[in-house]
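I've put the structures underneath this note.
Paired with chain B in one complex and with chain C in the other, chain A is shared by the two complexes that follow.
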Partner chain A sequence: MYALIETIHAAGLLTCFALLSTSRIGACIRWLSFQGILFGMVPLIIPDDGLTTRTLLMAGGSLVLKGIAFPWILLKLRARANYNREVQPFVSFVMSILCGILILSLSVWLTLQMKPALIHAPFVLLNSSIFLIFVGLFLMISRRNALMQVIGYLVLENGIFVFGVITVVGTPLLVELGVLLDAFVGVFVMGIAIYHITREFGSMDVDRLTELRG
Partner chain B sequence: MPASGSLALPVCALILAPMLLGIVNRTKAVIAGRRGPPLLQPYWDIAKSLRRGAVYGEVTTWLFRLGPVVGLATLAAALLVTPFGGVRAPVSFSGDPIVLVGLLALGRFATVLAALDTGSSFEGMGASREVHFAALAEPALLLALATLARVTGSFALTPVYQAITIGAWADALPTFALVAMTLLVITLVENTRIPVDDPATHLELTMIHEVMVLDHSGPDLGLIQYAAALKVWIVGALLVGLVTPIRSGSVWLDGAAMLVGMVLLAGVIGMIESAMARYRLAQVPQFIVAAATLSAVAFIIRLI
Partner chain C sequence: MYAGPSIVAVLVLALAGALSCLVLRRPHHVLMTIVGVSAVELLLALNIWTAALGPKGFVTAADQWFYIDAFSSFHIVVLTLVFVLSSAFASIYFTHEAGAFTVYVARRFGVLWLGAQSAMLLVLVSNNLGIMWVGMEATTLLTAFLISLHPSRLSLEAMWKYLIICSIGIAFAFMGTLLAAASIQSDGGVGADALFWTKLGSAEAHLDPTLMKFAFVFVLVGYGTKAGLAPIHSWLPDAHSQAPAPVSAMFSGFLLNTALYCIMRFVPPVQHALGQDFTSGLLIVFGTVSILVAAGFIVFQRDAKRLLAYHSVEHMGIITLGYALGPLGCFAALFHTLNHSVCKSLAFFAVGRLGQRYGSHEMISIAGALRADRLWGVSLLISLLALIGVAPFSIFMSEYQLLRAAIGAGAWVTLVLFLAASGVVFVSALRHMIDMAFGTASRHDRGGRDGKLAVPIVVAAAGLLVVLGVWMPLPLYDAIASAAAVLAGRP
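Presenting the complex of A and B:
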C-alpha cells in the first residue's frame, strides 16, 4: 500500500516537472490528463474502510472530469486557436525546472511544518498536494498563453483535491462533489472567456490583454 | 568479508571494455539491416592506432601530449573504485563517489586542455560545448550517487552497491527507478552518444567530443579510443549495478549477471542510437537538466 502511495507521489511529481518543461500545449494537456487520472485514484487507496459508494463516486467523478472532460475541452480550445501551439514562457524551461526543484524543497519544508497538525494524512501525499498547489500557481504566472493558465489552475485544483481527500475525514460527499462541479464550471467559464479573447484579439497571449479594444 | 576486492576486476574491465563498443556498433548495424563490423573491431582499431607513428602540430606543447595519457590514467584509476554490481572494487573508502566523479572530471579537463592547446578555433568550440554539458551532467551524476548513498546509508560505492538487493528495490522502487533513468541519461551524455552527440559524425556543426580529438593521431588516438571504451564500462557499471540487483554473495554469479547486464546495456545504447535523432544543440542542456531533476526528485522524496 505504501509503495503504491509512494509511486503515485513520484509519478505525480514527474508530471509536474513534465508540465514545467514541455513547450507544446497539446503535450501539456495530455500530461494534465494523466495527472488527473493519477490523483483521481487517491480516494480509492487512502481510506481504511475500503471501497464505498462515496469513494467510488469521488474517484469516478474526478477521473471522468479531470482525466477526460477537462482535457477534451482544452484540446477543443487549442484546435480553435490554431495559430500558436507553444506555451510561450516568461521563464525559460531550464529555469522553470530549477524553480520546480526549489518549489519541491519548499513544499517538503512546509509539509514538515504542517505534519504535526495532520497526523492521519500520509506524508508523501501531503507533500505532493502542497507541491501541486505551488506548481499550479507558478504555471499560471510564468506562461503567456491563456490556455496554460487554465492548466495551471487545474494543477492547483488537483493539489486542493488531494489535500482535501487526505486531510479532511468527515466531509459530506455533497461538498466534495460540489467542489468538482465548481472546477467544472470554472473551466467552462474560462473556456468561453478564452474563446472570446482569441476571437477579439486574434491571440491567446495574455500580454496583449492590456491593449484597449473599443 | 575483506574491505576490498581483488585486482582481477579492473583487469577484466581493461580487457573487456572495448567489446562494449563492438556490441553497440553491431546492434546499430543489425537494426540498420547491415552485417556490421566484427565484435572485436574496436580492439583491431586500437591496436592499429598504437602501431602508428604520431604527428604533432608545430604549435602544440607538452599539454597536447599529456591529454590522452591523463585521460586514460584517470579512467584506469576510476576503475579501482568502481564496483561491478555485487563484485567489490579493489579500493573502497568513505567518499569515493566524489573521487570517481573527480577523476572523470580530471580526465575531461586534460582532454579539454589538449584541445585548447592546438590553438584551433574549431577545437575550442568543441571544448566549450563539452565543458558546458559536463557542468550540467556532473551534478546529475553526483545527485544520483548521493541518492543511492542516502537510501543505502553508506557513502562508499562498494557498500552502496552491495546493499542494492531485490529487497531494497521493493522498498525504494520509485527512488531507484528515478536514479536509474538519470544514470541512463548520464551514460549517454558522458559517452557522447546520440541523442547528445554522435560519435560517428564528423559534421562541423554538431560534433562535441570528436572535434576535440581531431588533431590527435597514432598512439594518442588509440589511447583516446581505449579511454572512451573504459568510460562506457565505468559509467555503465554504475547503471547496470543498480538495475541488476542480484547479490548472491558469489563473485562468479554476481559477475556473470553483471556481464549479461553490460551486454544488454550496450544493446540498449545501440537501439537508442538507431531509434533517436540527435537533439538540437540548444535542447541538450534541457535534456540533461531534466535528467538531473529526476535525481533531485528522488533525493528529496528520500529526505522525508
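Presenting the complex of A and C:
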C-alpha cells in the first residue's frame, strides 16, 4: 500500500517537472492526462473501508474527466492554433525547473507545518498536493499561451482534489460531484473563451491582452 | 407564509426563467421575461425575509440544506432588489442597441443573467459551505460571457482576465473550505452535515485552531479576489468597464457582496476557534488597503466606468472594515451594503445610458450631461454625490455610523487612514463629476426615448438613497440589527 502511494508521489513529481520543461503544448497535454489518471487513483487506495460506490464514483469521474475529456478538449483547441504549438514561456525552461525545485522545498516546509494537525493524511501525498497547487499557479503566471494557463489551472485543480481526498474523510458526495462538474464546466467555458480569443486576435498569446490598464 | 417552499421557489423560478429564455423568439420577449421573473423573485424574497425575522429567527428547507437567517435574508432582499432594478434598466439599455442585440445575443443574455441570479441565490440559501462554493464558482463561469456579450478585443481581454484570476481565487477558497472541513475534530466519522455553517459555528464544534487559521487565510484571499478586495482586485476595473452597463451594475451591485457574504460565513467558526482578534485584524488590513488603493486610482481615472469600478473597490473595503469593527460596525456595514448596491446600480445605469448617447465612456466626452439628458444627467449627479458620501444621502449615514464604530473600537490608525482616503476620493471624484455633469454639452446623439420604465427606476433608486439618509424605518432597523447580531454569534 505504502509503496503504491510513494510511486504515485514520485511519478506525480515527475509529471510536474515534465510540464515545467516541455516546450510542445501537445506533449504538455499528454503529461497532464497522465497526471490526471495517476491522481485519480488516490481515492481508491486511501480510505480504510476499501472500495465503496462513493470512492469508485470519485475515481471513475476523475479518470474520465481528467484523463480523457479535458485532454481531448485541449487537443481540439490546440488544433485550431495550427501555426503555433510552442509553450512560449516568460521564464526560460531552465529557470522554470529551478523554480520548480524551489517550490518543492517550499511545499515540503508547508507540509511539515500542516502535518501535525492532519494526522490521517499520508505525508508524501500531502506534499504532492501542495506541490501541485503551487506548480499550477506558477505555470499560469509564467506561460504566455492561453492553453498553458488552462493546463496550469488543471494542475492546481489536481492538487486540490488530492488534498480534499486525503484530508477530509466525510465530505458529502454531492459536494465532490459538484466540484468535478465545476472543473468540467470551467474547462468548457475557458475553451469557448480561447476559441473567441483566437478568432479575434489570431493567436492564443495572452501577451497581446494588455490594452486594459490603470 | 410558505417560507420554506419560497426558498425552493426562488431557485426554481430563476432557473426556469433562464431555460425559457432559450426558446423565446424576440429580444423584446427575453427582456420582458427577465423583468417579470426578477419582480416575482423580489416578492418571494420579501416573504422569506419576513419569515426569517419572525420569532423563530430562521427559515429552512430540504432537511436543513437550505437555511436562511436574518443575515442571509437581508442579502437575498438586496440581491433581488438590485436584480429588479438592473433587469428593468436592461430592457431600456438594450433597446438602444437594436442592431447588435440580435435574438441570439438576447437569448444568451437572458440565460446567463437569470442563471447568474439563481447561482447567487444558491450561495445565499445554502447551509453547506461546499454547496456555497459550488454556487460561487458557477457565478464566475456564468458571468464571464456576460462581460463579452458583444465580443471585441477589449471585452475578450477583460473576460479572460476575469475568468483566470477568479478561477484561481475560487480554487483558493475551495482549499480554505477543505481546510475548514479537515479542522473538524471528532472521534467518529464526520457526518454529511459537518460542513453546515450552522454546525461549524455552534458551540459543540471542536475545530483545530491551526487549520482554521490556514482556512480563513485561504478563504479571505480566495473569495476576496471575487469581492474585489485590493491587492487582488485587478480583474475588477477591466470587467466593470467592458461589460454592458446592466451587467456592470449587477457585478458591482451584488456579485461582490455575494463573495463578501461567503467570507463572513466563515467568521463565526474561526472566531470560535481562535478568538476575535485574528479575523478582525485581517479584515481591517484588507479593508483599509482596498480603500487606500482605490483612492489612489480614482484620482487618475479618465474612463467613467473604470471610475465607478474603483469606487466599488473602495466601498467593498469600507464594508469589510465595518465587519471588523464589532456589532456597531457590522450594523454600519450591512446598511452600507444596501446603500452601496442601490447607489452603484443607479450610477452604472446613468453612465451606461450617457455612454450610449455620447458614444464613449471617456469622462472628457461626457460633458454637460445635465443639459444633454435631463433624467440620466440628474441620476449621475445624485449617484456620484451619494457615492462620495455627501450629507443628505444614506451612504453618508452608514459611513458616519462606521466612523462611530471605529471610534468605539479605538481603531485610531484605521480611522485616520479611512478619513484621509475618503478626503482624496471626495475631492477627485467631485472634480470628475463636475466635469461630466456641468459644462457645455459636447457632441451627442439626441435621439432615443427611454420608455416607461426609466423614470420609475430612477425615482425608486434615488428615492431610497434620500429617504434612508434622513429616516430609517423601524422594521428595517430591526432587520439590520438582527442580521448584525448573527455575525456577533448571537442567533
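Going forward, the second predicted complex is superposed on the first by the 210 of 214 C-alpha atoms of A that agree within 3 Å, B and C clash if a C-alpha of one lies under 4 Å from a C-alpha of the other, contacts with A are read in each partner's own complex, and residues count from 1 in each chain.
Methods note: contacts are C-beta pairs under 8 Å (C-beta built on N, C-alpha and C of every residue); 3 or more make two chains touch, one makes a residue touch a chain.
Everything quoted here is computed from the prediction, not taken from an experiment.
After superposition on chain A, the partners chain B and chain C are accommodated together without colliding. In the superposed model, A:Met1 makes contact with neither chain B nor chain C.
In the superposition on chain A, A:Leu156 makes contact with chain C only, while chain B stays out of contact range. In the superposition on chain A, contact is made by A:Leu209 with chain C only, not with chain B. In the superposition on chain A, A:Phe17 makes contact with chain B only, while chain C stays out of contact range. Seen from the Cα centre of chain A, chain B and chain C lie 150° apart once the structures are superposed, a value rounded to the nearest 10. Counting residues of chain A touched by each partner, chain B versus chain C, the larger count belongs to C. Here's the short version: in the overlay, chain B gets within 21 Å of chain C at its closest Cα pair. Taken together, the two structures place no residue of chain A in contact with chain B in one case and with chain C in the other. Those residues of chain C that touch chain A in the shared complex are 128, 130-131, 134, 137-138, 141, 144-145, 148, 151-154, 156-161, 163-164, 167-168, 171, 174-175, 178-179, 181-183, 189-192, 194-195, 208, 210-211, 214, 237-238, 241-242, 297, 300-301, 306. Residues of chain A touching chain C in their complex: 114, 116-118, 133, 137, 140, 146, 149, 153, 156-157, 160, 163-164, 167-172, 174-175, 178-179, 181-182, 185-186, 189-190, 192-193, 196-197, 200-201, 206, 209-212, 214. Chain B makes touch with chain A in their complex at residues 170-171, 173-175, 177-178, 285-286, 289-290, 293-294, 296-298, 300-301, 303-304. The part of chain A that touches chain B in the complex is made up of residues 3, 6-7, 9-11, 13-14, 17, 21, 93-94, 97-98, 100-101, 104-105, 108, 111, 123-124, 127.
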